[in-house]
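Residue numbering begins at 1 within each chain, and the chains themselves are lettered A, B, C and D in the order written.
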Amino acid sequence: MTKKDEKKPEYYQDYLELEKLLKIQQLNSDKQGQHAHDEMLFIIIHQVYELWFKQILYELDSIINIFSINEINESNIGLCVSRLDRITEIQKILIDQVSVLETMTPMDFLDFREFLVPASGFQSKQFRLIENKLGLLQDQRYTYGNANYKSYLNKNDSNEVQTSEDADNLFVLMEKWLERTPFLNWGKTSFWKEYEAAINEMLSYDRSLIENNENYSDKERKIHLKHHQSTKGSFGVVIDEKKHKKMVENGEWRLSHQATQAALLILLYRDQPILYNPYKLLTKLVDVDELFTTWRHRHVLMVSRMIGKKIGTGGSTGTKYLNKTAEKHQIFKDIRELTTFLIPRSSLPTLPSKIQDDLGFYYHVRKKNGK
Amino acid sequence: MTKKDEKKPEYYQDYLELEKLLKIQQLNSDKQGQHAHDEMLFIIIHQVYELWFKQILYELDSIINIFSINEINESNIGLCVSRLDRITEIQKILIDQVSVLETMTPMDFLDFREFLVPASGFQSKQFRLIENKLGLLQDQRYTYGNANYKSYLNKNDSNEVQTSEDADNLFVLMEKWLERTPFLNWGKTSFWKEYEAAINEMLSYDRSLIENNENYSDKERKIHLKHHQSTKGSFGVVIDEKKHKKMVENGEWRLSHQATQAALLILLYRDQPILYNPYKLLTKLVDVDELFTTWRHRHVLMVSRMIGKKIGTGGSTGTKYLNKTAEKHQIFKDIRELTTFLIPRSSLPTLPSKIQDDLGFYYHVRKKNGK
Amino acid sequence: MTKKDEKKPEYYQDYLELEKLLKIQQLNSDKQGQHAHDEMLFIIIHQVYELWFKQILYELDSIINIFSINEINESNIGLCVSRLDRITEIQKILIDQVSVLETMTPMDFLDFREFLVPASGFQSKQFRLIENKLGLLQDQRYTYGNANYKSYLNKNDSNEVQTSEDADNLFVLMEKWLERTPFLNWGKTSFWKEYEAAINEMLSYDRSLIENNENYSDKERKIHLKHHQSTKGSFGVVIDEKKHKKMVENGEWRLSHQATQAALLILLYRDQPILYNPYKLLTKLVDVDELFTTWRHRHVLMVSRMIGKKIGTGGSTGTKYLNKTAEKHQIFKDIRELTTFLIPRSSLPTLPSKIQDDLGFYYHVRKKNGK
Amino acid sequence: MTKKDEKKPEYYQDYLELEKLLKIQQLNSDKQGQHAHDEMLFIIIHQVYELWFKQILYELDSIINIFSINEINESNIGLCVSRLDRITEIQKILIDQVSVLETMTPMDFLDFREFLVPASGFQSKQFRLIENKLGLLQDQRYTYGNANYKSYLNKNDSNEVQTSEDADNLFVLMEKWLERTPFLNWGKTSFWKEYEAAINEMLSYDRSLIENNENYSDKERKIHLKHHQSTKGSFGVVIDEKKHKKMVENGEWRLSHQATQAALLILLYRDQPILYNPYKLLTKLVDVDELFTTWRHRHVLMVSRMIGKKIGTGGSTGTKYLNKTAEKHQIFKDIRELTTFLIPRSSLPTLPSKIQDDLGFYYHVRKKNGK
């Protein structure tokens, strides 16, 4: 608002570098002298995808940056939530725009498909960077044909992707942040102990109901008791450090025990003002995961419709690959699965008043104290 | 599928020219040494818009090309419907992605808004081309500040836009195509006469009902008769050549009388197989209009929220401009308004058998004749 | 989880009362012996609309309830934001599902339209309740044919709607809540004074730039100075109590001066943790307004396509009515227009440290104090 | 339009039976004296789902009705396409509105979840009817806990569902319709033979390219030849009656050999005017399948987030059930997989002129013949 009059006026087409942007759509079918009308759409939609990937990476980098500092300012958590929110809005567009690609029919695709080989979405460096920066474990990757995913990239791209593998990712930084949460220690007791007690009370009450229900046949009672036993066992990952360790070793769980507890505390007590943004943050991370899963599913359906069971342009049986990654490439699934361990508000351990105060707003507390 | 092994393999990043694509996002705020995080989103979303505009123009050009030939092959009408369908799918994305821009708050925008002046969506050459190729009348344009819209473009862009003004546009070509429809002449009678008769019968019946309804007070009867009279008058644009001419002179109607009748015939008898695709075509054209209207409305809301009543970066009071164009820049509104003149299937004039045959499928007719 | 075994098992169809739900779709065209296939869709989609309206009213009532208490608990603001968020998600569905109705063509509609007269969406009691509970001013209502909107309802419905007119609505309750915000008084100074100073400094700097820019012709300089003067004037509604009063008298502004300032403070300092949820709340209210506006626009387009310029089943020229209401029935537009008065973060008055503390979290403050 | 003045005026609330509609939302949590705010949403959204299911069934029944007649009028194919199109628009809403349910958090759900047991979406009679009427094979059903899916329904509902199992379904009727297509017999030759020849030519050319490519190592050549062999084999289901029979026996294919060929012909020659609507029809059936698959996936994600790995209210591990059905409950997958067997337009066998004529429009043909 202040210095504008001094600058040379900006022209829209120059600001957006439209001259460059709008001449980099060269159809391979044209180069081969066999113009295929629909190849233009194919190029443009993939360029749009890559522009959005750039934006996602840009937001992701800024979030990683914020989380790389030990003492994260509260208001920065809100900022990260906003930026994750932007990422999810972009992901929704990534999903919706599959329907534009679906206006291309399989036969239209056949007109130029041969000219693409072996280029493939498989080779999108930016998408690999997104996966790594979110924190995908390399051994969780679904590998195609026993070849490392980087082998499909050229030297430069492969190096850049390698760097992102080695750097701190959002999963790891979020885990450290969770581990620093000061609210687990409740003085003489702890969140952990109180939660365990609440679970046990709830479970014994349930057990007595099953044992005393006269409508059950012996067989039915047995089945219900078995279910009950397995429910009890499932809480282990949160309350039993050994069980947690075992699950981590088996690759069934990734989040550290301390971080797991902190995440559960945030989910359970999110009505507390100070936990509202941390709760939103955890939720948004699960959203990001889910939306990529949905995008992959949508993509599978579209591809399988486009090429049937043919081999993908990159050599993969496209649909199988995408299905597997939709299933395996979920990074924040521990957070999602914590919903298993939520308990009704009425069974929640009461917060010690000191913790309650810490979790409230200063202003609010002061007012209550008549200041 | 056949020649692929002879070519040098195609690399995804090269095919999409990603190196060039991903380096043309230079933030003005960075150039000024005042990095504004959200300017990246602003640039990328506008580049995405322009890529989609290119695709829309590409499809539009191909449709105009098909319609430029006098004898349009029937199967090409289907092709045009598919391509218009693609355009509408893209338009839906244009609308949806406003929600990505809305993740930028007004204060985030203030951080870099001054660096953009006076660049403005106003200066999108491609959008002007779309408007002109669809067939926007130049005197229908809402002009901002009495200045011709081309005055905001640089010399080259202005010339290119001028060329599109002078060339045949889709509205004009569609009108000519409608005028060539051979189904209006029904031998001894005509669609026009039969339709007029059907309207008159329907209207006199309605009139007698009003006149004979004993529940009406005199005042109520008068009001109903007045309404009835005005309904009767409104059919004029289709059945009365003079009335049509007058409306054209007043700028209330644009489509020629012959084309108006042909369009109405298509809308009324679209259950006939041969009219199915022409009907779809007319419908899709109205869709394209509507989606741009919706996009402008959505855009108005977003902009007014972003900048309030401030002056737009291009100098316009942005929201007023967009509101006016949403209202005025409708190209196929005559087609839309033809729904006013539809009549129930039960009142439709029966098609003469010769016309009925012409409208059916050859195969079907042959079977009926026992061949 | 605890008492389930004692209850009689619940059957899905009974829980949802499906037997009743699924038999209340009686086609008028069937009653008249002229089955019109598409009337079923017409009934079902309107029933779906009314179910969603019920849900919106249910959430709205709960929010009004929370805001009716003088001392609103901070965590309840978060709860209201969540419930407004639910309302907006429902509104998006209301908008999207117009496309289901659009699968009905004008001619299909003509098959049963006459059987509906004069029933009309006009007569939706629930929608009137929503408008009143949000806080639509009765003299802001676009009246059709000089008749009060309640005259289209039957006695019972009219009474219920009247009650909602007289009760406290969300606009009024939100205004009172804003007026109670304690952060406007900054001790020796006030938010109001500091904001005015910041505006003035910003404006004089801009003025000097215009005056000293040697590239301007005299004429250009005059135009820029005129613009500058009008920008300056527009800030009046916030900083000048008299100007504010005048605008209220003219019906150009509705929110009280105190509430206007509080809302602006929340928008400007929303990065402060304690203002995050209030900021979200104001934003969500504008969202609700916008989505109803969008819904009306979408509806206008659909109706005008369905019936052309015919008279609506309720006797209104449907599209004109809907267009007018889309324009006039905006309740929280003052909040939206406050974006006009935002200033860049760099020009924001620094918060006095006492206010800063009040706005932070207790926990955070304690840590800073080394406790 | 004609008889309206004679009828008693219709009141909106009565027409839609709103009095009944809006009082069948009784919260179980209220009955138990433990009001859970979010149970209202749970009831309303499921009632909305059931209303939409009713509409889908209504359209499905009308399509089945049309297809039950041996000689289907061409214009009725267009009508079926429109009605399938309506079904898909409804399905999109079913998917979108999951996001309304997602505004309910897991802890909000826990407040009333126990009151629902064992009611479950599992017990939706209407959804079972949809599956059966589309043509789901009973042995394709994913059974939960070895119990027949009808065992979860009460007697009446179970009987109604049984009836739908026994009646003609859309898959079977579509298959018969395909088998009646007269275009497979090309006089001295047949579509089948010509297609086989085109495939063979294409494949031998590809083979020679592999064999003569000097850049291949022996190992690479072997791999490519193996791929080539397997591609060749995959065409069997269309061109080799024995192979087709075997695949049917193994449950890998369902569509009869005759119908498979007809479907492929329609897909390959859909540019022919008379095949345009049949092509649309096949495409829409695949759409319906896909959208239910997408809906189930979306649903899985939502449920797993809501309840984690807990047992569903109906006793199922909800997410596993939904995942399995998303995978297995695809009815028109043969049609989808036919894309595997498409070949480029340039390799398509030329239609014999007699067939070409049969596929064109009568009108068009006449003109060409100078009549």
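Please note the rule applied: a residue touches a chain if its C-beta (ideal position, glycine included) is under 8 Å from a C-beta of that chain, and two chains touch if they have at least 3 such contacts.
Source: prediction; values computed, not measured.
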Query raised in the report: Shared touching chains for subunit B and subunit D?
Result: A, C
Report task. Could you find the chain whose CA centre sits the greatest distance from that of subunit D? Result -> C
Query - Selected interface, A-C versus C-D, where C-beta contact pairs are more numerous - result: C-D
**Report entry** Centroid spacing, where centroids are CA-atom means, of subunit A and subunit C in whole angstrom
**Finding:** 32
Report summary line: Cα centroid separation, subunit C vs subunit D, in Å, comes to 40
Report task. Would you pick out the residues of subunit C that each touch at least 2 other chains? Result -> 1-3, 110, 344
Query raised in the report: Okay, in this complex, where on subunit D does subunit A touch?
Result: 106-107, 110-111, 227, 231, 234, 267-268, 286, 290, 293-294, 297-298, 301, 304-311, 336-345
Query - subunit A - residues contacting subunit C, complex - result: 1-3, 5-6, 74-75, 78-79, 202, 205-206, 209-210, 213, 215, 271-274, 276-277, 344, 357-366
Query - Of all residues in subunit B, those that touch subunit A in their complex - result: 1-4, 7, 9-18, 20-22, 24-26, 28, 32, 37, 40-41, 43-44, 46-48, 50-52, 54-55, 58, 62, 82, 85-86, 89-90, 92-93, 96-97, 99-100, 102-104, 110, 113-126, 154, 157
